[in-house]
Amino acid sequence: MGSRETVEVTGHLMDSGILSRVLDDIREYGGEFVIEEFDVGRDAHDPSSARITVEAPDDDALQRLLMRLQTRGVNQVSHGDAAVATADADGVLPDGFYATTNLETQVCLGGRWLDVDNPEMDCGLVVEESPSGDLRVRTVPLSDVVRGMSVVVGASGIQVTVPDPAPAAEAVASFEGGHGPERPQAVLVRQVADGMRRARASGGRLLWVTGPGVVHAGGVPAMVALVRAGWVDVLFAGNAMAALDIETALYGPSPDGSAPPGHEHGHEHRVRAVNTIRRAGSIERAVRDGVLPSGVMRALVTEGKRFVLVGSVRDDGPLPDVHTDVVEGQRAMRAEIHDVSYCLMMATQLYAVATGGLLPASVPLVCVDINPAIVTRLADRGTGQGRGIVTDVGLFLEQLALELVPDYRRG
Amino acid sequence: MGSRETVEVTGHLMDSGILSRVLDDIREYGGEFVIEEFDVGRDAHDPSSARITVEAPDDDALQRLLMRLQTRGVNQVSHGDAAVATADADGVLPDGFYATTNLETQVCLGGRWLDVDNPEMDCGLVVEESPSGDLRVRTVPLSDVVRGMSVVVGASGIQVTVPDPAPAAEAVASFEGGHGPERPQAVLVRQVADGMRRARASGGRLLWVTGPGVVHAGGVPAMVALVRAGWVDVLFAGNAMAALDIETALYGPSPDGSAPPGHEHGHEHRVRAVNTIRRAGSIERAVRDGVLPSGVMRALVTEGKRFVLVGSVRDDGPLPDVHTDVVEGQRAMRAEIHDVSYCLMMATQLYAVATGGLLPASVPLVCVDINPAIVTRLADRGTGQGRGIVTDVGLFLEQLALELVPDYRRG
Amino acid sequence: MGSRETVEVTGHLMDSGILSRVLDDIREYGGEFVIEEFDVGRDAHDPSSARITVEAPDDDALQRLLMRLQTRGVNQVSHGDAAVATADADGVLPDGFYATTNLETQVCLGGRWLDVDNPEMDCGLVVEESPSGDLRVRTVPLSDVVRGMSVVVGASGIQVTVPDPAPAAEAVASFEGGHGPERPQAVLVRQVADGMRRARASGGRLLWVTGPGVVHAGGVPAMVALVRAGWVDVLFAGNAMAALDIETALYGPSPDGSAPPGHEHGHEHRVRAVNTIRRAGSIERAVRDGVLPSGVMRALVTEGKRFVLVGSVRDDGPLPDVHTDVVEGQRAMRAEIHDVSYCLMMATQLYAVATGGLLPASVPLVCVDINPAIVTRLADRGTGQGRGIVTDVGLFLEQLALELVPDYRRG
Amino acid sequence: MGSRETVEVTGHLMDSGILSRVLDDIREYGGEFVIEEFDVGRDAHDPSSARITVEAPDDDALQRLLMRLQTRGVNQVSHGDAAVATADADGVLPDGFYATTNLETQVCLGGRWLDVDNPEMDCGLVVEESPSGDLRVRTVPLSDVVRGMSVVVGASGIQVTVPDPAPAAEAVASFEGGHGPERPQAVLVRQVADGMRRARASGGRLLWVTGPGVVHAGGVPAMVALVRAGWVDVLFAGNAMAALDIETALYGPSPDGSAPPGHEHGHEHRVRAVNTIRRAGSIERAVRDGVLPSGVMRALVTEGKRFVLVGSVRDDGPLPDVHTDVVEGQRAMRAEIHDVSYCLMMATQLYAVATGGLLPASVPLVCVDINPAIVTRLADRGTGQGRGIVTDVGLFLEQLALELVPDYRRG
C-alpha cells in the first residue's frame, strides 16, 4: 500500500448510516482505513464527527476513492489548491478529472474557496476567469466540454457539504427507510402537501416529472386542478406522457367514464393524435387554435407554465415540442432547474433518474410509483433528500388535489 | 382413441374467451374434438352455442376431461342418471369421483334434476335421502367424507350453469381484462361502492377478506367507519391481521401519526398484544372489559358483526379466537358463506384463495392489492365474477369510505 | 348509425382468442356488429373463418375502426383501390391516413395488389413511382414524411395477413399464455436455443436487444461466448448497457468475483469509463487501441458484428457511438432490421418496446426479464410472435450458452 | 423522563449499520439517549463498542425498550438476577414477560449465568428446576405456557450474543445488502453450494423450506437429485407444495415436456391426487405401495429423510401427512430444528417466515425467490445470518445440482 490521505466527515453519522456506507466504499475500492478520531456527541441531537486515514494501492486509486467518498460528504483534512488540467479535445475531460456530486461544492484556488455555481452529478468542474479577472467554477457535462477548458483534476482542494436535514427532513422524517407500503398513505399525502406549501412559501418553483402512468391511472383531472391552482411550475416528461394526455383529450374516454383513458389497445389513436399536433405546429399552437380541448398539456399552456419534453427511442412521431436529441433535451432541463425548491416524480423511471442527476442534493424530492423497485432505486440515490412512496398514482393525485385545491371535488 | 362424448355450451362464447379455453382444455387433457354445430347468433347481444364431440384415449380420461369442461359451463348433451358409488373409508372419496366446480350445479337422479345445495370448488357430491324419502345432493369436502356416503362418480348426469353476466357484469363491465393499473382509480372505487349498495339492497350480506396490509397502509380509520356504517357483515382474516390491528390499538401509532402503525421492527409488541387478549379470554371479552380501545376488531364486536379468524403456521400466539386447526377453520368459514352477495378481498393472498374456493361463482368478488401478481391470480380463477384492482389499499379504503359513509371525513 | 362495411377474418379464431378481441375492439370504438357467416371448421386442426358486418356512427369512425381491426388480421370483403392523398407539410401525414400494423400488408392500386416493402407499426403508407413507372408502397414514419408524398388514406383497398403460426409457434407453442413462472425453465431455454438454431439455419440474422441488467446479473461471460460462437448478429442497446459493460471491463469486478460488476454505488466509474472511450473516439477504436480489454462490446467489435446504440435522457456522456438524436437512432435501427429472423430481448423495456414496433410481426420474438410486468407488456403486443419468459437473465444466459456453445464451461 | 439504564454493545457497529438501528429503536419507543463511551477501534478489522444510557418515560416503557434493544445484541451493563413471575393461566404469560429473540441468550439466576436451551423468537423464558436441583431456562411459545410456570419478566439479568459473522459471513459476505439482481448469479450459486458443503462437513443437518413454485419452475428433477445425493436432511413445506409434487408425479407432465407441470388450470387433478394419497393412508405408504412413482416427496421417503408438512386455510384435502393444527405443526417443526446448520428457503413466504422465527440466529439462512419483496422481507429479519437471492428458482436449482451432484446432467 502506498498512498494515503486523512479525511473527515461530520453529521448524524451513525443514525443516518453514512459511516457504514463510507467504510463499504473504502473496501469496495480496495482501500484500508484507520479511524483516527471519532467524536460521537453525547445525546440524540448532537452531530458526530470522524477523522479517518484512508490508504489505497496507488495515488490514482486514492484519488478515485477520495472522489467517491465526497459523494458521502467526506472531505480531505489537509488541502491546498485544487489541481487543474487543460481539456485537449472537445467532449472529453482530462484524465483524472474530478467527477462531481450534486452536493454543494467548494473549490480552493489561489488559496481561496470558491462556490461551484450549479452542483450536478457526474460532471467535470471548469475553472473560468471573468472579464474582471475573477475566477469562477462551474460544472460541465461531458458533452459540453470544449478543448482548452481548465478542468479540476484529482480530489484535493475540494469540499462538499451534505445538506442540513432540517427542516426538509422534518417534513418527511417519517418516510425514513419507508419505501414500503407500511405507512398510512393519508399521512404521506399530507406531508407532501405540506412540503409543497413550504416550498412555494419560500418562493421556490415546483418541478413535476411524470410518466404516462399518471394518465393511465386517471390522474388527469386532479393534475389539471393542481396546475390551475398554481402547484406546478415546470413539467419534465417524455413524448409518451404528453401524447397519451393529448390522445385522451382528443379521443376519449367517453363521457360516462366507461372507456378507459390511455387504453393500450387503441395505439393507432396515439399516432393520429401526434399527427394532429404536428399539423398545428406545436402544443401551444394547438391550444390557441382550439384543437386541444383538455388535459394536462393544455392546462400548462393556458396557465403559462413551462414544460420540457425529451424524446426516447420508443417514441412515435414525436410531438413537435419534443427534443429529439437527448443531449439537447438535458440542456433544456438544466435550464429549468434554477430556483426549483421541490420536486415530485410520478410514474416514470427514465425521466426521474435523469432529473435526479441534474438536481442539487438540497432540493427535496419525492418519488411516487406503484412499483416498489422504481421507488427504491430513486429514493436511494446518494445523500440527497430523496424519499419514496409506493402507492397508486391516481388515488395519490386525487388526495393531493383534495389537500391543495380548495374547491376540488371528486368528479 | 376410444371414448367419446358430445357436449354443448351456450353463452357469449367468443367475446368471453370461453371457447378458446375449452379447446385449450381438450388439448391439455390429450383429447381431440370435432365441432358439430356452432350457432353464433347475429348481433352483439345474441348468445352463441356450440355442440362439440370430444374424444379421449379411454373412458377414465374422458370422464376427467368432461369434469374439467364443466368448470367452463360445458355440459353433456345425452345424459341419463348420474352414477353413484359408496365411500369405503372416512375422508376418502371413491375412485372416479366427480370433482365439483363452484358453479350452480344440477344432478340427474331417478330421471329428475336436483339442485346441489351449496356449490363449492374441489369437493365431492353426496347423495342423501331425507326422512321423507326425498333425495338431496350437497357438496362435501374430502375431510368431511364419512364411510358409507353415496358419492357421484363420473361426469354423466350433471349439468352446470355459468352465472348470467348481467347485471353484475354491467356493474363491473369495464374491469374486463383490466387487472392492470390502466383504469382511472376513482371510477373503480365508485363501481365497487355501487356493487356494494346493490348487494345490500338485495338483502345479501357483505363479506370482507383482509390481510395485515390493510393496517400497514393506514386503512383502519376508514375500515372502522365502514363497519360502523354497516358495510361489513362478515370478516375473514388470519391471526396476523387481527393481531396487528390490536397491536396498533394498544401500542401506537403516536397521536401525531409520526410513528407507523404495524411497524415490522416492533415485532415484540405483537406477541405482547396477543398475550393481553389471551389473558382476557377472547377479543369480545377484551372489548367488554375495556382492554381493547379501538380498531377494526373492536368495531366488529361493538357492532355485533361476525368474524372468522383462521390460523397459519407463522402465527405468534395465536389470538384465542383463532381456529388453529385449518380444517375446522374452513368449516367455520363455510358456515358464514350463506347469503353473502358481495365479497371484497384486500391485501391477502392466502385467505382470498381460501375464500374464492368456498364462494359460489355467482357471488361478485373484487380483489384489491398493490401487488399485480396476487390480483391476477385471484381474478383469473374459473368463470366466476372475480375482478381485480391493482391499487393502494390504504387510499382505496379512504376513497371507499368517502363514497359510502356520509359523514366520513379524512382524519 | 350510418356507415357500415363487411369484413372477414380467417385463422384459428377461437382458440387464439382473436375473435374475442375483434368484438372488444368494435365495442370500444363505439361500433355495432352482425355476424353474417361463421365457419368453424370441424376438428382441432381446421381454421375457421368469419364474415362480419360492422357499423359505426360515421364514416370517419368506421375507417378508424377498420384500421383497428386490421391489427387483428381482419380485412374488408369488398374493396376497390386504396384512396390516396398528398402530404401538404413535412413530417405530417394527411388527415385520415392509414395507420400501419406490422403485419404483412398489401395495397390495391390500379386494380393490382402491391406488397408493402417493410411492414412497421404506426407509420403511414407512401405510394411511389419508380423510374420504370412501377408503383411501390412502403411504410414511412411521421418524422420522415416529406411534403408532396402520396399517402394512403382510409382503410379501403388494404389487406393484411396474420403470420402462419407454424412452424414458429410449434417451437414455442408451450409458451402460450405462460408469461408466468409456471413452466419448467430448462425446457424454455432449450426451446429458445432451438428457435435460434432454426433461424440461423434459414439464413436469417439474430437480433439481440439488451439492457444493463444483463451485466448486473453476471451475464457477460455467457454473452461473450455466444457472440464469439456466432449467435449474435446485431445488438440494439442504449448507452447504459454499453457503458456498464465497458465500465466493468475497465474497473472490475475483482478477479475472485467478490466485487459485484455494475455496482450502482460506483457510479463515478461510469462517467470515467465513458470519458475513456470518448477520448479514443469510438468503441471500435478503443478496441483497436487496446484500451478495452474485455466485455460484450469488445466481442462484437472483434467478431465484426453490428450494434446500434441509441441515447436516452438519463445518459451520462454518452459514449461516442451513441445516436443522441432518437429519431436518427430509430433510422439506424430500421436499417439493421433486414433479414432478422429471430429476436431476443433481455432486461430492457425501453429498447424492447422500440424494437417491437419496428419488427415485422412474422419475426419470432422472445422477451426475457425477471420483472413479470415488462414481459407481459411486450409479449402481449399485437398478433405477432412475441413470447415472454419471466426468469433470471444471468442464469438464463448461462444455460443458453451451455446449450449453444459446445465448449462453454461455467467460469 | 424518569427511568434510565446503561447498555452496551460490541461488534462491527458502524459498518453493519447496527448502531443506526439501535438509535432508531430508541426514538421509536419514545426514548432518549446519551452516548457515554464509544470505542471505534482503529482499523478495518477491529470491532467497536459503545456504552449508551437510555431513558424512557417510565419503567414499563424502559423494560420494553431494553427488550427491543436486545434484538440488536444490546445488553445492560449493570445486572443482578433476572426477575421471575408465575404464569397464572394456561397459554398466557405474566405481564411484563421477557419476549425472546433468536440470539444466543443467557439469564442470570442466583448470581450465575445460564444458557437458554433453544433460542426462538417471540417466546417467553421458563425457569425450571431439574430433579437434581439444577436450574434450567428454555423458551416457551405462548401456546405451550402452563399455569404455574416460572417466567422471566423484564429485561434485567439477560444477555444476548450476536453471532460472530465469520466464517458464515465470509462465505456470503458479498451478498451483503444485495437482495437485488445486481450480483452475478453464477457466483451466488457457488457460494450457496460452498455454504452447504461446509455445513455438512461440520456434521450439521441441511433444512429446506419450499413452496409450490419449486415444482412450477421445473425444479423437481434437480431437487430429487439433491435429495438422493444427501443434500436435503429435512423439508418443511405446506400441503400445496407436496400435493403439486404428487399431482405432477401422477398426472403429468407429458413425456415430451410439452405440458406444464403444476398447471393452475388442471386444479381438479390436485384434489384427485390428494384423494389417492388419502386412500393409501400416508405418503410413505403410497410410496411403499407403488402408488407414487416419482417426485420430491417420493425421494424423501426412499432416502429416509424427514419432512414436516403443515396445513393452511387454503388447502384442499389435505394430504394425510399434513398437520392440520398449525400450533401442532409448529411443534413438529421445532422438533426438527436441532442440529440444523444451514437453511435454504425457496419460493415460499409463509413457511419461510414461520421457520425464520424458530431457527436460532446463528444458523446461516438463504432465501431464494423471484419476487424481490419476499426476499427483502426475509433477509431483513433481525441480526441473523439471513441472506436473499432474487432469482429464478428453477434455474437456481438446476445450477445448484450441477455444482453439488457429480453426475447430474441436464435432463
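Here the chain labels run A, B, C and D in written order, and each chain numbers its own residues starting at 1.
Simple rule for what comes next: a residue touches a chain if its C-beta (ideal position, glycine included) is under 8 Å from a C-beta of that chain, and two chains touch if they have at least 3 such contacts.
All of these numbers come straight from a predicted model, not from anything done at the bench.
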Length of the shortest touching-chain route, subunit A through to subunit C: 1
Most distant chain from subunit A, judged by the mean position of its C-alpha atoms: B
Chain pair with more C-beta contacts, C-D versus A-D: C-D
Between subunit C and subunit D, centroid-to-centroid distance (C-alpha), Å: 45
Whole-Å gap between the CA centroids of subunit A and subunit D: 40
Overlap residues in subunit D, where contacts from two or more other chains coincide: 24, 259, 263, 373
For the subunit C and subunit A complex, residues of the former touching the latter: 24-25, 28, 30, 64, 67-68, 71, 89, 91-93, 97, 99, 121-122, 141-143, 238, 254, 259, 263, 265-272, 274-275, 278-279, 310-318, 320, 324-330, 333, 350-351, 353-354, 357, 371, 373
Subunit A residues touching subunit B - in the complex, by the definition given at the top: 173-174, 178, 181-187, 189, 213, 216-218, 253, 257-264, 370, 390-396, 398-399, 402, 410-411
Contact footprint of subunit D on subunit A as seen in their complex: 13-17, 19-20, 23-24, 26-27, 32-35, 38, 40-44, 50, 176-177, 372-373
